[in-house]
Structure formats: structure tokens, C-alpha cells
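When the chains are written out, they are named A, B, C and D in that same order, and each has its own residue count from 1.
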Amino acid sequence: MREIGSDNLKAMLIAIAGRIADSRERLNRLDAALGDGDHGASISAAFEKTVAELARLPDPKPSEIWLTTARCLMNGMGGASGALFGTLFLKGVAPIQGKERLVKADFDELWAAGLAGVKARGKAEIGDKTMVDALQPAVLAFAANDNIAAAWPAAAEAASNGAESTRELIARQGRAKYLGERGIGHQDPGATTIALMFEALDSYWREMTNGKT
Amino acid sequence: MREIGSDNLKAMLIAIAGRIADSRERLNRLDAALGDGDHGASISAAFEKTVAELARLPDPKPSEIWLTTARCLMNGMGGASGALFGTLFLKGVAPIQGKERLVKADFDELWAAGLAGVKARGKAEIGDKTMVDALQPAVLAFAANDNIAAAWPAAAEAASNGAESTRELIARQGRAKYLGERGIGHQDPGATTIALMFEALDSYWREMTNGKT
Amino acid sequence: MSARAHKLINQPQNIVSEMLDGFCAAYGDIARLTDEGLVVRATPKAPGKVALVIGCGSGHEPAMIGWIGEGLFDVNIAGEIFTAPGPERILQGIKAADRGAGVLVCVSHHAGDLLNAELALELCELEGIANVDMVVLYDDISSAPKGREPERRGTAGLFFVWKMLGAFCEGDGDLAAAKALAEKVRDNTRSLAMSLSSCASPVTGQVMFEMPEDEMEIGMGLHGEMGMGRQKALSAGETIDLMLPPILEDLPFQAGDEVLVLLNNSGSLTLMELFILYKRVAEKLAEAGIRVYRSWIGPYATTQEMAGFALSLCRVDDELKALWDARANGAYMKQL
Amino acid sequence: MSARAHKLINQPQNIVSEMLDGFCAAYGDIARLTDEGLVVRATPKAPGKVALVIGCGSGHEPAMIGWIGEGLFDVNIAGEIFTAPGPERILQGIKAADRGAGVLVCVSHHAGDLLNAELALELCELEGIANVDMVVLYDDISSAPKGREPERRGTAGLFFVWKMLGAFCEGDGDLAAAKALAEKVRDNTRSLAMSLSSCASPVTGQVMFEMPEDEMEIGMGLHGEMGMGRQKALSAGETIDLMLPPILEDLPFQAGDEVLVLLNNSGSLTLMELFILYKRVAEKLAEAGIRVYRSWIGPYATTQEMAGFALSLCRVDDELKALWDARANGAYMKQL
């Protein structure tokens, strides 16, 4: 499969929403250790809302799907993380504007734009113990593979390693920064969500292509 | 000694003040169990003030000594207990108005008037776990002895027994009434103060008459 | 458990005087501390008007220092923590307040406040000071059953009396009329309090009483006086459903009545909780056909850092509504 | 330890909406809840005046719903507990506030508030809504060193900005002038907070951080953000002696300056303690030759039941004094 249509894109978001919903309590626990304990509740609610909104769009373009997701995350979550997860999708809208079907290069652009947007808005760099620690390696690993079938698992693995790397870091952004050294030993919830997202996309892609062959 | 002049009266109040000051912490502890823990602090400060005020009066009449004590207690302590301890002395002023020296009968009247005043103002009866439980038996025992030398120890003993009797009672007046049954086992601080007052008077009387003979 | 042993004070014995100094320094345009330690209006009311005096124990701030000012009290005599001031200080307050038209001494019904006010009035008689009267005020339905109202304690609901009586005494009514007005508001006011926690005495640092973390008590008094007993801590809605009906039955407040509502914060409840509680009150009153004229929510008479609240209702007619809406400018009670 | 796990709420997920319902039901003459969940003035300001909008996380009540009203804000967009509202809700707020002379979005500097306001302004651009601007406000000297003021957090001292900017926007100044005024007040304001206790999240019931009973922390943020470190709990006088000098040095405030003073209650401090603290502030300022124009003491921006306070100073000139004294009628901010 070389081209991805709106139905696949919707299904990808449904897969993400499902994975996040299953991890709700785990994400809350991670955020309880480093922040205010609401990350799982708020991001799962926002993705649930996304799925419901997508179901209401009769025949959405890829860019509409991405924009709807962005809006549901920004407005459903609120806070800095809502703005940042929202931005990840919002900045992906422009590169795919007008397109009916997406190819690997579109995804490269969409993720790169999302990553750049998140970093510009949140001012976080690698090592700051934020979602960027999972997102940036994932986006780079995805781009580094020309073959889309190999890109998804590579991205998922990079995100997962990135998320795990946050455990030993001292936060320089987000609520966790006020914990200072007391945050060491806890994995960042936002980075964990990014890892879960890419794992869900990888699984979805694997199942879909298995079904196809 | 049959007649008591102002110097003796002053000395009696100094004796009371000393005894109360020595018992400050004990009275605070009793009040901490049944009330707000301030009884020792507030009554000892008020008697200290009394002694200082009395020292300032050049040649006071007995009634002035009693009135000064009343005012120092009422105004120095405040609260219900200030009003009640103040009343105990205030009501004794009228019976001794104009007198230079007091005889046993004057004390009978002065204590009776004080007791009546306290009961009228505070609405407490015997058994309500208040100062009345010590004061009423003391006043009755004092009056029951024609001999003043026998009256003081009798009053002191009655007051002390009365104070101890409060231990097993449930309070029906004062802050302790809001404790209900939880107050059982604790001796009433106000009754204890009355017992200390009569003990101090008895000791004073004993020392003075010993010195005299 | 919200009791907090460490308080930001200096010497415990100076709490009240330092507090009055600080208050009057901060709000010097409204209140002034006299050499006698009385809190009086920065600008006294015009001569020829009935003056209002209240003595009371400290520890309930902003009550009552926050109620000195235009449209409110003339003089407050602050006692030690939870201890009414003695009669001679009340007498000083009466003298300081007098504007030639008599002085009404307001008593929130507690033993200490009542006994000392009585003594103060006896002193007035001795000194030949005429035209002084006192009014005894109570509102707490938990402290004595219906039919024995005068035995009840004064609590947060006297808020309504203070505001309306204060407004009345800016007008030309005489002392007897002022007292009658105070009694009218009192007789239309009912309150009930609850608490989730104890608090610590600022003087001794000791917790005033023990309170398990998952329990609450209905009917607790302003000094932690025991109420109707402990029970499992409930939700906001359940709590109101438990507290509102006995208040309504007591007066009774009935369909067609118009009321003022107060939710008084005992100390450390959050406003968020009070607004959520209020929502339920408003819904239940609407169901009962009782119209809310105005509401106030906040810390008006506190018990240190106790986590609790009192719910008070006052039935109003046109006279009382006008008095309610009249201008007031105390440091902690303002009506534009 | 004042953290209290049991809060008087109903369903945690409905806290904010029930709170807004209750608040607007109680103060219907001042504020109204729109169908979109915005808190707006019951009576909008006259057309042709700059409108003021603020979005912010809930849990700090009475901030900011208590500041809607005449002489204050036009619209508040309340987020979830300690969570800024998203950009589309802010956009709704901007639209609801607009009276034809532009809208100023006020941001108390925290990541969430700032990022969402930025996004909202991007949405305005997309929709072609012109004459909207934002101003970023901060005051907490503990959150970044002198010289890096724009990195500092917004805390209780923004009180001064809200009051004076609100008064300014009742006048005829334009949007740019309003923004300049807000920056002027901000640049003359400095704050420092301290806390003796933690508090519990009303959503999860969990204590936000651990705090030993005999310690205090200087510089704690409005959400419990770590400050300059823990130390043994001090007396009131010692605490002020520790906190006031760095505030004075930071601006610096100097002899001859005239200032407004705020002592903001984080939640469960008693007013008694705040008055005692204030006494020391007043004495120290007098020693430093700094004149206090007016002071306010109370819970204006809270952090649930946290036991702490913020000390804020604002240097004023004649323009600011007049704005300070101008009439205001929010439910929790009144100036006669």
C-alpha cells in the first residue's frame, strides 16, 4: 500500500484513541508523579472527542481530519499540553492541504512540521524531559526510512526509547520542572503518550497490511 | 483575731494570687481537657493585676478592695468566667460598704451574696460541673461554723471536695458542655480555682493566727 | 484534617493587639484604633443617630472589625481569642460610640458576650448613662429546639442583622426602633453550620478537638461547639439536602417567601466548594418556590482554619430589601 | 498540614461547570454565564470602550470570576482546575467581549495561559478579527532573576493590574493605551509568596506535594510550584523580614515612593495572621521611607486550601492612584 486515504487516516486516529484510552490510568499515574495527575484523563477524553467528531464528518479530506484532531486536542485538553498536542496536528494541516491521498513524503512533511511547531511553541529541546524527547526521534526515524512499512515500526521504537530516556532526566519544561531532582526516576507522561501514539500507528499499519496481503 | 482590717484583706488577696500563679499550668491543663486551655493563664494574670492595683490604693476600705478585685477579674479575664469570678467579688461589695473592719458575719454575707450573684448570672446549679460545685459547699461550710478560725478550713475542705466531685460530672454550663460525656473524668478548672482560693485563705489565716499567738 | 499548629504570629499574648494594629494600619481610611484599643470608624457618623456597638471575642476575623464603617457598626470592642471583652471595655465602647441618640449594644448570644454586656449595662446605670439598650441575637437552629429560640447561639447568620441594622442606623430611627428592627431580622433568620475539620488555637497551638478525616459534623458552633453529631463525610449535594430542610422547617420558610442567602466560610473551605454548594441551595429553593433576593458567599465569621460552612437564610420584605441594598463600606463588607 | 482530601463537591468532572453555575446564580446582578460557558458582565459595558478578557485555570477562586464586573473585566473564560482554556474558547471570549473598540487578552504568565492565548490570536487572524492584542503579565520575583523579568510567573500581584486596567478601560483610552497601562502597572509590581502547607487536588483528592509540619517554603507559585527552598517555619515578623527586602531591592522601591500593598491569602491562612503580618510590613515600609497609599488583605487568588500568602507591592503615581480609587463592582472586588 503506497497511498493512504481518509478512511485509513480516520482508522489511524481511532487506533490512537483506543491505545490512549487503554493507558489512561497509567498516564494519570505518571503525571501524578511529575505533574498534576490529569494527563491520562485529559488526553484520552480529547481523543475520544476526536473520534466522535470525525464520525460526524461525512466525507472529510485528510487535512480536515488532521485539523479536527488538532482542534479537539487544543480545545478539549486546554493547558500547555493541549496547545502542544494540538500544534503537533495543526502544523501538519498545511502540508497536506488539498490532497485526497497521502504518500510517505506527505507524512514526512506532516510530522516534521508538527515537530517544528511543538518545539517553537513549547521551547523544549531534546533532554528537557518532555514529549519532544519521544517525538523528535520518532519523526527522524520515520523520515530516515524510505519504505513506509519500515518507517512505522522504526518510529514506534524510537518514540518508545525516547520516552524511556526521560526517566533519568531533570525536567526543564512543564510542571515537572518545579520538582527539580525529585522528578528523576519518573517517565514523562507526554513523552509516553507520543510513544503510545506511534505504537498504535505501527500496530494499525501492520494489521492493515497483513489483512491486505 | 475577731476583726479583719484592710491590710489583712489585701494580704488575703495576695495569698490567693500567689496560689493561683503557682497553679497556672495545672489550671491550663485542666481547661485544655474541658475548654480552651486558657483558664490558668487568664485568671492568674487577672489576680496579678489585682495585686498591682491594690498596691496602688493608698488606704483602701474593705469594700474598695473587694471592688478592685471584682473589676480586675471582670475586665482582665473577660469571657463568661471573668464575668462570673468578677461577680463573686462584685456582689460582696454592697454588704461591706462603709465598713472599716469585717467580722465573721460580714464574711458570711459577702460570700452568700457572691454565690447568689454567680448563680443568678451564670444559671449554674450544683452538679452542672462549674465553679458553683466548689463555691456553694464552701460558702455553706463557712457559714455553718460560727468560729471564723474553724470556718476557713471547713470552707477549704468543702471547696476541695466540691472541685473533685466535678470530675465525674457531665457539664451543663460553660464550654465543657459541648464535650458532653467526653468531659467525664476531667476536673472542672473553675471549680479548681475556687478550691485553690479557699485553700489559700485557709493557709493565710492559719499562718497569720499562728504568727499572732 | 486541616488544623494547623504553626501560625504566622509573634508572641501569642500579643496576637489581638498586633492584629488590631495591622488591621487599622491597612484600612486607615475606614477604621481607627483608639488609645483604649477600640476599633472605631475613621469618620464618625453624624450626630443624632443611634450608634451600634459590639463586643466579641477575637479569632473570627473579619468579624467584627471588618464591619466597622459607613452603614455598619460604629465601634467594635475586640476581646482576647474566643473571649468576650469585660464590661468596662464595653462601657468605653458605648461612650466612644454615642452620637447623642442612644447606643444599642449588640450581643451575639454566647455566655461571655451576654454576661459582660449585662454587666456593662449595669455600669451604665451606675454612671447615670441613659439611652443605652442591648439586643440579644441568635440564629443557630442546632443549639436549641424550636420554641426555645432564645437559648440558641449567635452564629454567621447575624450577618443579616449587622447589615440591615447598620443601614437602619444611618437613618433617623430611634433606639427602640433600631432594637425592634434587629429583632425583626433575627426572628426571620435561621442558620445551620457544618464542619469537616478542627482547627488549632492560635494561643496554645493545640488542636481544638479531634475530627477524623472522613467524617463531618452538622451543627458545629463558631467556637467548635458540638453539634448534632458526627457522620460520614458527604458530597456537596447530599450535605445541602441534609442541612436545608431543617432550616426551612424551622422558621418556616415557605413558597412565595423571598430570602437572602449566606454561605459563610468557616475558614479553609474553598470558594469553589461554596459555589458548588450554593448551586444546590439555589436549585432546592427554586423547587420549594422560595425566591432568592440576593446571596453572599465568603468568609464573614470564621473559626480559624476550620474547614466548614454555615448556611443562613433570612426572609425579607420591602423594608428589609431596601436596607440590604443600602450602601455599606466596612473593610470586609461593601455594598455599592 | 492543611491539605484536605475530602472536598465538598459532587462529581469531580463537573466541578468547574457546577462552580460557574453556583457563582452566577449567587451573583446574577453582577455576572452571567453564557451558553458557551463564559462568565460575562450582567450588564455589558458601553460600546466604544476597550474590552478586557482573561482565560485561566480554575481552582484559584475568587480569581478570576470574582473580577467580572463594572470597572474590572468583561469576560472570563474558566479552564479546568489549574488548566488554561483552549484557544477556541478564548476566541469565543474575545467575540463576546468586543464592544467595538478592540479587545485586550490578559495573560498571567504561565505556559498554558500563554500558549493558548497565542493560538487564540492566530485564530483571530485567520478569521480576520482585527484590533485584538494580548499583554503578558508577571510579578513573581522568585521565578526568574532580575534582568529576566519576562520569564517570571504571574501571581497574586497582578491584582493591581486587574484593578487599574479595569478602571482604565471604563474610560476612553484605546487598545494600545490599555496595553501600555497594563505594562506600566506590571513593571511597577513585585511579589513574593510563601507557604506553610500543601493542598489537595479537588479532582484527584491527592495532596499536591509533601510539606513537613514545621517547615515553610518561600517563593512557592500559585500552583505549588517550587520556590527558593524549604526552611524552618518562622514567626510572622521574621517571615516579613525575610520576604520584604528582596521585593524592595528588585524594583527597587525607594524612600519617597508611594505604594499599594496586597497581602493575598493562598487559602487557609487566617485574617488574624495576615493582619499581624501586615503590621510588620507597614512598620518596615515606614522605616524605609516608603509611603503606603492603600492596602488590601484577603483571599484574591487562592491555591485551594494552601496555608500561605503572597506579599505584593505596586509603586503608584497620581494616574495609578486615581485608577486604584475608581469604582469597581465585581462579586469579590469592590471599590465604592
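As a working rule, a contact is a pair of C-beta atoms (placed from the backbone, for glycine too) under 8 Å apart; a residue touches a chain by one contact, two chains touch by 3 or more.
What you see is a predicted model, and the numbers here were worked out from it, not measured in a lab.
**Q** Going only between touching chains, how few steps reach chain B from chain A?
**A** Tracing touching chains, the least step count from chain A to chain B comes to 3.
**Q** From the C-alpha centres, identify the chain that is farthest from chain D.
**A** Measuring from the centre of chain D, the most distant chain centre belongs to B.
**Q** So, what's the distance in Å between the C-alpha centres of chain C and chain B?
**A** Whole-Å distance between the two chain centres: 33.
**Q** Determine the centre-to-centre distance between chain C and chain D, using the mean Cα coordinates as centres, and give it in whole Å.
**A** 29
**Q** In angstrom, rounded to a whole number, how far apart do the mean CA points of chain A and chain C lie?
**A** The separation of the two C-alpha centroids amounts to 56 Å.
**Q** Return the residues of chain C touching two or more other chains; collapse runs of consecutive numbers into ranges.
**A** Expected reply: no residues.
**Q** Where in chain A do residues touch two or more of the other chains?
**A** none
**Q** Using the contact definition from the top, classify how the chains connect: line, ring, star, complete or other.
**A** line
**Q** So which chains end up touching which?
**A** A-D, B-C, C-D
**Q** Once bound in the complex, which stretches of chain B touch chain C?
**A** Touch list, chain B to chain C: 28, 32, 36-38, 42, 71, 74-84, 86-87, 121-122, 173-175, 178-180.
**Q** If we count contacts the way the header does, which residues on chain D are in touch with chain C in the complex?
**A** 1-10, 15, 18-23, 25-27, 29, 58-59, 61-62, 66, 196-197, 202, 213-214, 216, 233, 235-237, 239, 261, 263, 267-280, 282, 292, 294-299, 302, 304-305, 307, 309, 327, 329, 332, 334-336
**Q** In the complex, go through chain C and note every residue touching chain B.
**A** 57, 79-89, 110-112, 115-116, 118-119, 201, 203-204, 206, 208, 221, 223-226
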